[in-house]
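In order of appearance the chains are A, B, C and D, and numbering begins at 1 in each one.
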Amino acid sequence: MEEKETGRLEAFSDGVLAVAITLLVLNIQVPPRDSLLDGTLLAYLDKQWPTLLAFVASFATIGIMWINHHRLFTYIKRTDTVLFLLNLLLLLIIVFIPFPTALVAQQYAVHPDQHVAAALYSGTCVILAISFNLLWRYATYHNRLLGKDADTRAVAAISGQYLFGPIVYLIAFGLAWVNVLASIICNLLLALFFALPPRLPRRLQQEGEEAS
Amino acid sequence: MEEKETGRLEAFSDGVLAVAITLLVLNIQVPPRDSLLDGTLLAYLDKQWPTLLAFVASFATIGIMWINHHRLFTYIKRTDTVLFLLNLLLLLIIVFIPFPTALVAQQYAVHPDQHVAAALYSGTCVILAISFNLLWRYATYHNRLLGKDADTRAVAAISGQYLFGPIVYLIAFGLAWVNVLASIICNLLLALFFALPPRLPRRLQQEGEEAS
Amino acid sequence: MEEKETGRLEAFSDGVLAVAITLLVLNIQVPPRDSLLDGTLLAYLDKQWPTLLAFVASFATIGIMWINHHRLFTYIKRTDTVLFLLNLLLLLIIVFIPFPTALVAQQYAVHPDQHVAAALYSGTCVILAISFNLLWRYATYHNRLLGKDADTRAVAAISGQYLFGPIVYLIAFGLAWVNVLASIICNLLLALFFALPPRLPRRLQQEGEEAS
Amino acid sequence: MEEKETGRLEAFSDGVLAVAITLLVLNIQVPPRDSLLDGTLLAYLDKQWPTLLAFVASFATIGIMWINHHRLFTYIKRTDTVLFLLNLLLLLIIVFIPFPTALVAQQYAVHPDQHVAAALYSGTCVILAISFNLLWRYATYHNRLLGKDADTRAVAAISGQYLFGPIVYLIAFGLAWVNVLASIICNLLLALFFALPPRLPRRLQQEGEEAS
């Protein structure tokens, strides 16, 4: 099999995403010493649910980003300086994602009628989707950094799926100013959509996954 | 030997567990500037023992989870999107574990007669054991993601050991409402039980370990 | 292809840089509970821009250091204890970089006429550039730790580029006492300069990158 | 070459040590907003030197532990559950090391005549040295987990060097109650001693390093 050049890029990205996803747990605070009786402890845990929700949502988001990153680098086998820089841009935004996520969880829990946090969250997702597209288009343009045996139809299927991203996240961004809940649900559906592999004949998909 | 697809999944999981296990040390606080005389420092260190105990217990728990993860991926050689998602679920719960562990250590140190923390800890362990089972059953169902040369008896031995997990942790969960200390001891014994490899003829076990 | 000895050194360095680059996000604080109305939230975010700028600048700096580290270890294939120690020195300074970066961002935002933070930042960069040179000169001296097939011209091109570093950062250090803004801009241009591969015939460069 | 089983154990250990060494930087605090004028900033930085010293000392300690870990796993090629557990014990103590290091730096800066911190530091080092010995003796006993081609004299040289550890650290522990400075210097010399490879004929050493 063709030698992969992307080993250290993947190892570094895995490291960044692993740290980012695990740091999320620092937001869950142990209760103060004087609220350790069963009753007060339950009340404390009950008040923590927006924090827990933001923890799970951010964890799922970064996890899905990792799945996507893994999928792209099933096909990308070579590197150059531009790819390194585009990958850094992508990591920068993924690492930043927990901040708007926490903001949405907190603002929606307290003021469900306010819009700024949901707009910031969707806006960050628009930039994230654009970054994924930049990296993927740069790598696939004339098969620049793909493996020699990369399946053209599988590559085209991902390109098609990724084209959706920025457009639909822009819609979620617009929704944030009209109906915050609809915007949040739209974002969650999008995350699920990107977790799933693009539609392509089952046989091709398996080949792609076997090459990982 | 058969090409493994699980390289990046293992690297990412190693990263997450390494960060989670190391973040635990952040809970051990250096004493304030005015308690640095030998006498006050010893008193300070003495008061820290529940924190130290929680540190060691969480470290051991995550370490044993890593040993288990490593053992499973000795046999699992292929990946798909469902495995990625089940692995994320597993990591989510492992990363969360230090929170109920710290809670138990603190509540038991101050109020040994209170139950909520021990119940939350055992409850999290039930979910953790279920997640391990889900991942393992999904991967082994009709040898879906196992290596072609995977030893059937060794795989069955792990499946048998894992079946115990949720049931016995449920018992520990019930105990938490009756006798907190018995529940904690039950959980510690379970951790030890899962650290050890499943019972199977010595020859088979060695083969399994050599394949790692 | 020649066996590489540098696998674990690279993995450890990737880990350190991945953690350092991701920890930066801890500086971005979620607003307090009473400033979650849209108006106050926008005002809060507006006041955060020096923090955000320092986050992006530190992220870019560490990212570019990673690109450089990756480039050097495209050529370095063997290890010894001195290389381990020089690499530790390099990592020590890279891990420290976010501190003077945050200092410059904060001091310049509040007192653009003050010099100490900019001088400390440039001074750290001088030491960083010297560390990179030490590691590279030690490894390349009489091809001590290079691969047997290392391209002499590509190695010489990097040596030439790196010679610039300490000298130009010293100029930026001097500038910090005269004109802080000029010093900051000088540092940014230097970062960009080191992100790009050294000038050498296109054919050679590709070979170098393929060997990564 | 013989297949190594220790890949994931090394990756996980690299991750833990990388996180532990990088978390140290969290102890260096950016000054508060009202001390950003050049004069007050210099005064602030000047007061930070015990923190900086502890940072550098802990960084060097963990870095040297990594070099030692790397050296041992040049020879250890196979794994079993006991090795996993002994490695976890080792990591537990390495991760804990920054705590007594910070304690020594702070106590010595404020009360150079007090002994408890220096004793705790030396005591932790005794346990660390014992853990290294346990892991190494377990792995080398009758060549249990060594590679088939492991150089007997190189292995014996490490065993000899490691025997020193617990004994000399015990002396440093005793010194802590008599002369704190002598104890600290003794510990630093020991760290240096363990950073260097054990004495053995130059030819053998190179073979050992080439096998890494």
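FYI, contacts are C-beta pairs under 8 Å (C-beta built on N, C-alpha and C of every residue); 3 or more make two chains touch, one makes a residue touch a chain.
Note that the structure is predicted; figures quoted are calculated from it, not measured.
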item: Each chain counted as touching subunit B and subunit C at once; value: A, D
item: Centroid-based (C-alpha) most distant chain relative to subunit D; value: A
item: Interface sides of subunit A and subunit C: same vs different residues, half threshold; value: different
item: Computed distance of Cα centres, subunit D from subunit B, in Å; value: 26
item: Cα-centroid distance, subunit A relative to subunit D, in whole angstrom; value: 37
item: Numbers and ranges of subunit B residues touching at least 2 other chains; value: 11, 14-15, 18-19, 23, 26
item: For the subunit A and subunit B complex, residues of the former touching the latter; value: 1, 10-11, 14-15, 17-19, 21-26, 28, 30-31, 33, 36-38, 41-42, 45, 55-56, 59-60, 63, 66-67, 70, 73, 195-197, 209-210, 212
item: Complex contacts: residues of subunit B adjacent to subunit A; value: 3, 5, 8-9, 11-12, 14-16, 18-20, 23, 26, 78-81, 84-85, 88, 91-92, 95-96, 98-99, 102-103, 106-107, 110-111, 114-117, 120
